[in-house]
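You will see chain A twice below: alongside chain B first, and alongside chain C after that.
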Partner chain A sequence: MAVIWCFSQVKGAVDDDVAEADIISTVEFNHSGELLATGDKGGRVVIFQQEQENKTQSHSRGEYNVYSTFQSHEPEFDYLKSLEIEEKINKIRWLPQKNAAQFLLSTNDKTIKLWKISERDKRPEGYNLKEEDGRYRDPTTVTTLRVPVFRPMDLMVEASPRRIFANAHTYHINSISINSDYETYLSADDLRINLWHLEITDRSFNIVDIKPANMEELTEVITAAEFHPNSCNTFVYSSSKGTIRLCDMRASALCDRHSKLFEEPEDPSNRSFFSEIISSISDVKFSHSGRYMMTRDYLSVKIWDLNMENRPVETYQVHEYLRSKLCSLYENDCIFDKFECCWNGSDSIVMTGSYNNFFRMFDRNTKRDITLEASRENNKPRTVLKPRKVCASGKRKKDEISVDSLDFNKKILHTAWHPKENIIAVATTNNLYIFQDKMN
Partner chain B sequence: MLRGRRRMESTLDAQSLISISLRKIHSSRTQRGGIKLHKNLLVSYVLRNARQLYLSERYAELYRRQQQHYPDGAPLLAMPACPPPPAPPELPVLPLPADTQDREVRSCAAVRGGAELLEGPVCAAPPELQRAPCRDSSPGFYRAAGSAGPGGGGGGGSSAAPGLLYAAGCDFGTGGVPHCSSRTTVLDLDTHVVTTVENGYLHQDCCSQCPCCCQPVAGLASPPPAPGTKRKYYPGQEEEEEGVEEGEPGGGGVAGGPPFAPCTKRARFEEYSAEHPQDSSNISNLISIFGSGFTGLVSRQQADSEQPLNGQLCGKQALASLGAWTRAIVAF
Partner chain C sequence: MAAALGTGGRGQEAGQEKQAMQHKDPIAPERAEELKLKAKYPNLAQKPGGSDFLMKRLQKGQKYFDSGDYNMAKAKMKNKQLPSAGPDKNLVTGDHIPTPQDLPQRKSSLVTSKLAGARSTSILIGP
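Presenting the complex of A and B:
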């Protein structure tokens, strides 16, 4: 691979005892790449901002520092169903910037919120009738008229919830995606997809409903959904059966009938008890160009050409050595892990996570792949990451790691790639690693 | 085709997968955030796959034993005084191949998803008395003699058979004479009457003529009822009466008849799966509970509304009408 990856930063607590609330549940760059947001199980959102590039430090790009932290969602209790609603942030999606403020959507299992993040770096001083601390002056002491003026202050970043989109989902929300019209967005749960207008919170349109009349007949659920990056009428959703459906909202109001169905026939020689589980798609992402889409199932990443429905154009094995371990992975629940995947800015490389804090990149042009590790061992800035290799069986070479010594508690589910640069954000359980390519 | 020890291993794997899956479903009820529909759906697929293998291995073992006991192929007639009642019309008698080891039991037990039931109990019974355990393309229904079920093939859904449940209480345990060793306990959800069926026949029909059938069978928790008796079922009773309701009791309700899980105490189910993971007859009971693909999720009452969607149901009535399965998974 042409890019040489180096450690840049790591965020988060150092100790091995991970508080559950600190587990990172989503990572997302904004459209310019200047901001990087993370959500965690405790319902908090932390936004990092890249420093302005220092002209003297040409060997590295700006660092990401904490810009804003706020509590997005709180745990709730649904009394009617006797059910606790987790505050865990499932997804964050940024809106494109239109003015000085930044906007993002964050969602937990049931409620989506639109947050405005704005800066305040000056404040009015010199009120006529008020003291600086806000107390009103004794009117008898007011003898002159003065108009307050703005004076600089320490930068304060404020996050305020501008819209709350609630009560539209019966099942657990797994995806949100902003339309290219920048006015609407979709939210998807296990059985339904709703279309919202960003300005309107009291209603949404249901555009996909796969709930069967008789729940006995339930055979699949929706696992992810995304709008096409350019066509505002097109979106896709993936299912637990390994299929992807492309829908056109111009065709009908309720897009239960797909325009295209992407499905690869199962290889019968690979059939096992767990075939259904490992074929379930955990993430779907359009390429930036909009020509391709990528899906992630338990063992592989597949690239689909939107013009070809019967099979993917490329398939990359992420950790095929796990195929013989599926029974143990079922027992310890790891087989249910939902890995995400992402494209680089030019759609030439795709990335996804694995176990043992490994993550993988696949170069679509050279067909080369690399395995890297997010570890505090390499935490000096600009340390080059050494490629890793897992030994599936037989003799283990030096520096290789055998499958049995992989740590399945250390999983990388969430990764993000800067939209323009070779900067990646990789989330381990409770730490966020930032890697950059080596600049000379 | 698995043989010998490998066959045993795969049966054990299937059994342990089944109990692991049931434990997952059970523990999902108490996790934060409500029951995850996606995960439980996937677990139900594993359960179904394991069950298919388990059943196919069981049948293979049955045939093997039969061959062992009667290598000359003489019929296994255990109750010579009991004439077989007429077989239900839609189920052909499964012809025994000459060499059971070559039989493709796996394809035989290929039960599709959907609302098919556990195939009727097939134990060491004479070949001509044996019921067809399964069908490739249609659900393997077994109805006790006397219940006039309409054709159950194809369709996939359960039919208008009145609320009868089948718990495969098949017992291999006693080794020896496989006589009358197959029991099916049937619970009628309409009348809450429990009936024990031997070798596919109603106990009262068969054992009224054959007193030897009335001996209690080792491995089963409750003594067999006296011939011809029926018992009133109460939700608090022993779990022998667990089973899966097939079809719509009475009229009305959702077309396609969602099978219900039975009225059993949740606590009993818990100890059941925890204490007897390897007991094949108990596994069969559990399998019968989860016989259908993803059944028991919806109760009639809830089919109309989406109300108790991700939560536990309130109210003893609601609880009584749902079985462990329904309570384990999301009620929709």
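Presenting the complex of A and C:
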């Protein structure tokens, strides 16, 4: 069955003048797909909830509406280094649901917080010493005792910080990942990875440390890390040199020595000034099955079989036409953009973003790929998204866009795929788009 | 759940075309770009992955002279972002010790995300 993507919703301001705080920095569905969280540069988290499916609207899925919003992190100042600590939310990861409340981890550069999001739809009424509006009654006027009762009230969603995991990272946190044991999680910065217990905030174990004794010898940094979805002893971390290391926590307390090293051999005669920069991995994600992992570097997406270290099993070019623009992309810093990538629920399709508000999907089975655009031009309900094509050189066909007309300020760095359905969330600079497959 | 993509180009064919072009001159685009860059910046360091480059990456974030400098900068930013509030006429001071109910509600100094705002477009998918 072929997937045809349609516009569903767009969230955020229409105006072109984007405040820095509104720049979306992370997007994540929870494990059921019912909740969708976004984090922004202003340290705020907005959670959307999918409406229950309407029986009369059987040809569409519920739309996502605001469920809760809160200020997760605030700007801080590191007094020792005289450096600002940004409040930007780098990552959000949901915990699997254990009870009525929802829990998520959100992190900025230095501090990870565990947030509890709970619903309140009843409130106690009939206190003896307080009026309904909270004012205290004059005790001398109280002549009888009554038992307060719970009465229904309008749904209120409250977010409260339950744990604050601070002061464990000298460098900037780029990843957090919850272990399949649902008790521990890892946090990774440029040079170190720490293991935490969700209940314990005053202690954390360092499990990877690649800081050289002499900083002059620094050759690579950690760019992303993730726990294996099923094996609670296994995690991977990627580097700025394009390698991925798989570590087994059973082997030793400090996992500086990897169990597996994934690296694609490169012909040394092919190296250029840009080779290392564009090989830097910006994201690593395990497949849901746990058999594969996907990495994103500047120009491509690679799928690795965990059983084969010497090369990826699949490579997909995201925007190969940019290879002849690397000079200007280096000058405007775009070459350092960190694109993320994601799997669909069945691990058959992978998705990643590009420039000009384009995003790409690759079907691993049919080997077909598609380029779509997140734009307000397709605002009408259930509009089918038209595939886009970039013309690298030569004669530009009608409806194609030439490389030189691409808007490099319109980057799609963050995308997310619903864990079970064909619903995707795509973040442009300050807007969140939700697309669905065409039903019936 | 597994779904093949219905629309869009045949990745394999396009890939083969690109391969053909690249076999003629595999690293020409990258090397050409490198020469362009070196022409513009002759003093550019040879190894971009070197320690200087990475050290810069580790030290991201704006440096201030001290915390006073930082707080002044923040205050200046806040004044620009928020509309100025007039003096609060309900402020109770002077004649008695205020109780929590008497004090005005703490004004939120933070702006809600526009993603959660009323102005966001939400299209209902109708029949």
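Here is the rule we use: the second predicted complex is superposed on the first by the 435 of 440 C-alpha atoms of A that agree within 3 Å, B and C clash if a C-alpha of one lies under 4 Å from a C-alpha of the other, contacts with A are read in each partner's own complex, and residues count from 1 in each chain.
Everything that follows uses one rule, which is that contacts are C-beta pairs under 8 Å (C-beta built on N, C-alpha and C of every residue); 3 or more make two chains touch, one makes a residue touch a chain.
For clarity, every value in this text was computed on a predicted model and none was experimentally measured.
Because the two structures share chain A, they can be overlaid on it, and in that overlay chain B clashes with chain C. When the shared chain is aligned, chain B and chain C each come close enough to touch A:S82. Touch criterion met: A:S240 reaches chain B and chain C at once. In the superposition on chain A, A:I23 contacts neither chain B nor chain C.
Once the two complexes are overlaid on the shared chain, A:H172 sits against chain B and chain C alike. Contact with chain C, but none with chain B, is seen for A:F7 once the two complexes are overlaid on the shared chain. More residues of chain A are in touch with C than with the other of chain B and chain C.
After overlaying the two complexes on the shared chain, residue contacts for A:L432 are found with chain C alone; chain B is out of touch.
When the shared chain is aligned, no partner comes close enough to touch A:I401: not chain B, not chain C.
When the two complexes are overlaid on their common chain A, residue A:V157 makes contact with neither chain B nor chain C. Contact with chain B, but none with chain C, is seen for A:T223 once the two complexes are overlaid on the shared chain. Aligning on the C-alpha atoms of chain A brings chain C into conflict with chain B at a single listed stretch, 40-48, out of 40-48, 76-84, 94-102 or 112-120. Once the two complexes are overlaid on chain A, the chain A residues touched by chain B in the first and by chain C in the second are 81-86, 109, 171-172, 190-191, 215-221, 240, 272-277, 327, 330-331. By the touch criterion given at the top, residues 1-4, 7-14, 19, 21-22, 24, 38, 40, 42, 44, 46, 56-57, 59-60, 63, 65-66, 69, 71, 75, 77, 79, 81-86, 109, 134-135, 171-172, 190-191, 215-221, 240-241, 269-270, 272-277, 316-317, 320, 323-327, 330-331, 344-346, 348-349, 361-363, 365-371, 376, 379-382, 387, 389, 420, 422, 430, 432, 437 of chain A touch chain C in their complex.
Here chain B touches chain A in the complex through residues 13, 17, 20, 24, 32-34, 36-39, 41-42, 45-46, 49-50, 53, 113-115, 254-256, 258-259, 292-295, 297-298, 303, 306-312, 314, 332, going by the rule given at the top. Considering their complex, residues 1-12, 15, 18, 26-27, 29-34, 36-38, 40, 44, 47-51, 54-55, 57-67, 69-71, 74, 81, 101, 110-117, 119-127 of chain C touch chain A. Chain A makes touch with chain B in their complex at residues 78, 80-86, 88, 109, 170-172, 190-191, 211, 213-221, 223, 240, 272-277, 280, 327, 330-331, 333, 336.
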